[in-house]
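What follows is a group of structures, each given as structure tokens.
Two complexes, one shared chain (subunit A), two partners (subunit B, subunit C).
And now, the complex of A and B:
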């Protein structure tokens, strides 16, 4: 019963919450969407925390995402033991990077008085959820080996069943407890996403790579003015 | 030719008395808020000195501005790829201690303290943490050469001077300084705009004011390190960057910006310049020594019929062109060649120009200092603050440009002495003026605009013609009484 709620119903609540609140926050309170960087108040310790954390967490995110998108190809890659080990070691290293970075970031928040002035309750909650999520992920990686293979066989079908609106919770029934906790934690993370600074992920400045160097904005919308003038003539 | 208009500025340093009224006017209007307490969009520094934030001119440390690479310019640290790579931790970002930790006092303690033999004191408390703190830095900690052995001694511009000259600056009887008021330069090639990954910073097409859209800002902080003048600031409370907006709500309604309006020494001039936007890149890639002249060449003569025709073709309103013709900035920068840009070697093409100070009038001599009684004023070559130092600030090391400006200023002084007192022979005055390619008419004009300008001569503010932008498209009644600023939502910190 509880599993039906957590893995069957809760994800849909999360998705609705995620979409609705995210869009609403961006539209109505767009000013609050920022990275909320605290580097200005403390720079040195941030380097040792932020860099490994972000590199680790980005690798992990794309690892999970690619496994979901192309499970067959990942299985094919894992067919060779050497390649499997390479993938697993990379994933483990990313997890350790993220954990070390996050622990350093938490310690940094605790030890610098100035940072307490810019640490909200949402930040505290986010740190706790992230720490739990990375810790359970690492536990699963170490105790229940070869996740890159069984993830594609067990978790991906479950996720796909959610997508086609026929949630198949039974797929998860036999999984070890920590794996279940990890999956539930992922939904919690998505649920709190729009209420925290995680919003900054959605505004990652990728278009900067191809936009023009300088930005000039004209007060007069010349094209619109010309159109208005043309309409007046007719 | 792609002619655009730019609201530009001249600060006449010979008139600056370092009173900080400009800074206070700005502070009261714009930055008296949580998270912005440490910001001084307008600040006044003592030179020689390290300024605010400390040693902002040291680009090895802060990585601001552009570097020339063949026929292109590159941001010194925050290029596209490197900028994004530095997004998780920006190694060149100044931190609060490079400015100062803002504080207030527990004034209530003065009232609440129990009766005692000692005077009650108001303890200083940090405006960030709220905890008691020891004040170790301030917005103007080295004002009037305070702490020279630490601050003035580390002025990056001292590299331009000889060791002997540097020594002399620390002899108490020969100390000399001047004030350098700084605001955002509203550059033609702004590094902050180019560095912003979110495209939150932009240059306004009509008047060239560089502003930052805080609703688009995501706090990536690259603008702070990219601006070589350190004139974009990070608001630690809202998590957004902020910068000088040249009081555009005032400029749009025909008023001078707060710092200009309040200037006690009346050192500030504001006016429009027409320039050729096609020349931005070729100018920014010139060798250091040619930058000042190249920037002047970009600025176009608003009386030239060809320029007027091209400007009108580009949508510049005739009233703006007329305003450009009356611009005091055009006179100081282009006609008289008296005003020079600050650190143009950063290649942002700043549009705030400085008339270098002639003061102090005492000369340096081998082992004494001259009270200059034999002649009225010491020659420029013997200026107490070496001309190389000035050239390092105002001409990318090109001594000739500074010498020309200062000689002309001196010639004007002699000319006025000749007119008012009459103890300087006419031939000498004419020779001095001729040496800098000037004339009595020009000297008189320089004198009048320097010493006796009326308010409307100092600030020739172009009409913004917002009616053109709005009326054709929207109902003007909706915009009645609006000045075009303010938040649509409260600028509160996000979760």
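And now, the complex of A and C:
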């Protein structure tokens, strides 16, 4: 019963919430759609936290997404035991990288007073959900291993059943508890997405990678400006 | 129905297997209890039911998987069981599967290729290694979502394994293989491979090589990030503050 709610109904609530609140926030309060970077407040620990976390989480996100888009090709890749190991070890390393990065980011938030000052409740919630999601993901990867293979056989048909509006919760009914928690956690993450700084994913400055370089040249007379400022004081 | 769903674990008049002989079950227990137990054996056992507890002890803690049966299917099976009880025994059609002893080395090798996935299953089902481990499978072993199958052959027995492979009565497998059943040649090759693996009676050893490889990968990535840190632009202020410090 509870599974029908969590895996059958909740995903649709999440999708509606996600689309409606995201669009509304972008239209009404567009300037809040940002990563709220704290690089100016602290940059050294940020580098060692943010970079590993983002590299890991982006690899994992696309891993899950590609498995969903082309499950057959993933199965064909995994047909060779060596390729299976290469894929699984890469994914595990990405998971560990994301965990190390996130733990560092959390410690950084806790130890710097100026960062605590700019940390909102939404940030705290997001850190908690992300940490839980990465921890359950690593648990599943290690204890119920070769997820890259069984994901295509068990989870992908479930996700597809949601898309065709015939949710097949039975596919998940007998899976180990941690797998279910990980799937439910993913829906929670999507649900809180529009209320948090996760919104920055949607406005990632991707064209930055290939746009023309811009050279900034100041052409105001700084000496004159200083003179003006000095005159105003006296 | 019985041959497809039940006969991997239950006989009709040939004695107990993984589960009890079902001749006489319709006299032993009342119909409502059987229906409830067949659909949700785990829940009945956990509810502290005395008869279920007694069976669990008798069959060495092996729990029957939940059976997803419609009302008319369950009624049909019960009618069949009542009929067999009246006759004293029934012959089950699936009993005629070839014994694993008759497999050629080529068939065992074919079974291994199917298990590991290097040969795809005809109807598109996922390879066994995705969820199951067997001693010596793959490079770091098989999956651990589900049971280790190294000793599945002696555990379920020859005819039982045949019917388990062909009808996949376990809950998750039932969903996954519903429209992608194994062919009988594939089922036989897999049975032959599992029989071959079980000849060495020792348990497979667990290692942590997968975790260690992941940790190596982690440090390689952190090393690359460290190299990136060396050539990174820094604010002017940081170095001034450092120089100014006593």
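One rule holds for everything that comes next: the second predicted complex is superposed on the first by the 208 of 234 C-alpha atoms of A that agree within 3 Å, B and C clash if a C-alpha of one lies under 4 Å from a C-alpha of the other, contacts with A are read in each partner's own complex, and residues count from 1 in each chain.
Note that contacts are C-beta pairs under 8 Å (C-beta built on N, C-alpha and C of every residue); 3 or more make two chains touch, one makes a residue touch a chain.
Remember, it's a predicted structure, so these values are computed and weren't measured experimentally.
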item: Contacts of A:98 with subunit B and subunit C, given as first, second, both or neither; value: neither
item: Touched partner set for A:176, first subunit B, second subunit C, both or neither; value: second
item: Partner chain in contact with A:134 - subunit B first, subunit C second, else both or neither; value: neither
item: Which of subunit B and subunit C A:203 touches, first, second, both or neither; value: first
item: Partner chain(s) touched by A:51 [first = subunit B, second = subunit C, both, neither]; value: both
item: Partner chain in contact with A:184 - subunit B first, subunit C second, else both or neither; value: neither
item: First, second, both or neither for A:213, with subunit B first and subunit C second; value: first
item: Which of subunit B and subunit C A:31 touches, first, second, both or neither; value: first
item: Partner chain(s) touched by A:221 [first = subunit B, second = subunit C, both, neither]; value: first
item: Set of subunit A residues, in rising order, touched by both subunit B and subunit C; value: 43, 47, 51, 55
item: Residues on subunit A engaged by subunit B in the complex (per definition of touch); value: 28-43, 46-47, 50-51, 54-55, 113-114, 116-118, 120, 122, 195-197, 199-200, 203, 205, 207-209, 211, 213-222, 224-225, 228-229
item: Of all residues in subunit A, those that touch subunit C in their complex; value: 43, 47-48, 51-52, 55-56, 75-76, 78-82, 84-85, 88-90, 92-93, 95-97, 100, 142-147, 149-150, 152-154, 157, 168, 170-171, 173-176, 179
item: Of subunit B, residues touching subunit A in the complex; value: 80-81, 83-84, 87-91, 93, 95-96, 126, 128-131, 189-190, 193-194, 196-199, 201-206, 214-215, 217-221, 224, 234, 236-240, 315, 464, 466, 468-469, 472-473, 487, 489-495
item: Contact footprint of subunit A on subunit C as seen in their complex; value: 65-66, 68, 116-118, 120, 125-127, 129-131, 137-140, 142-145, 171-172, 175-176, 210-211, 213-218, 220-222, 225, 228-229, 232, 235
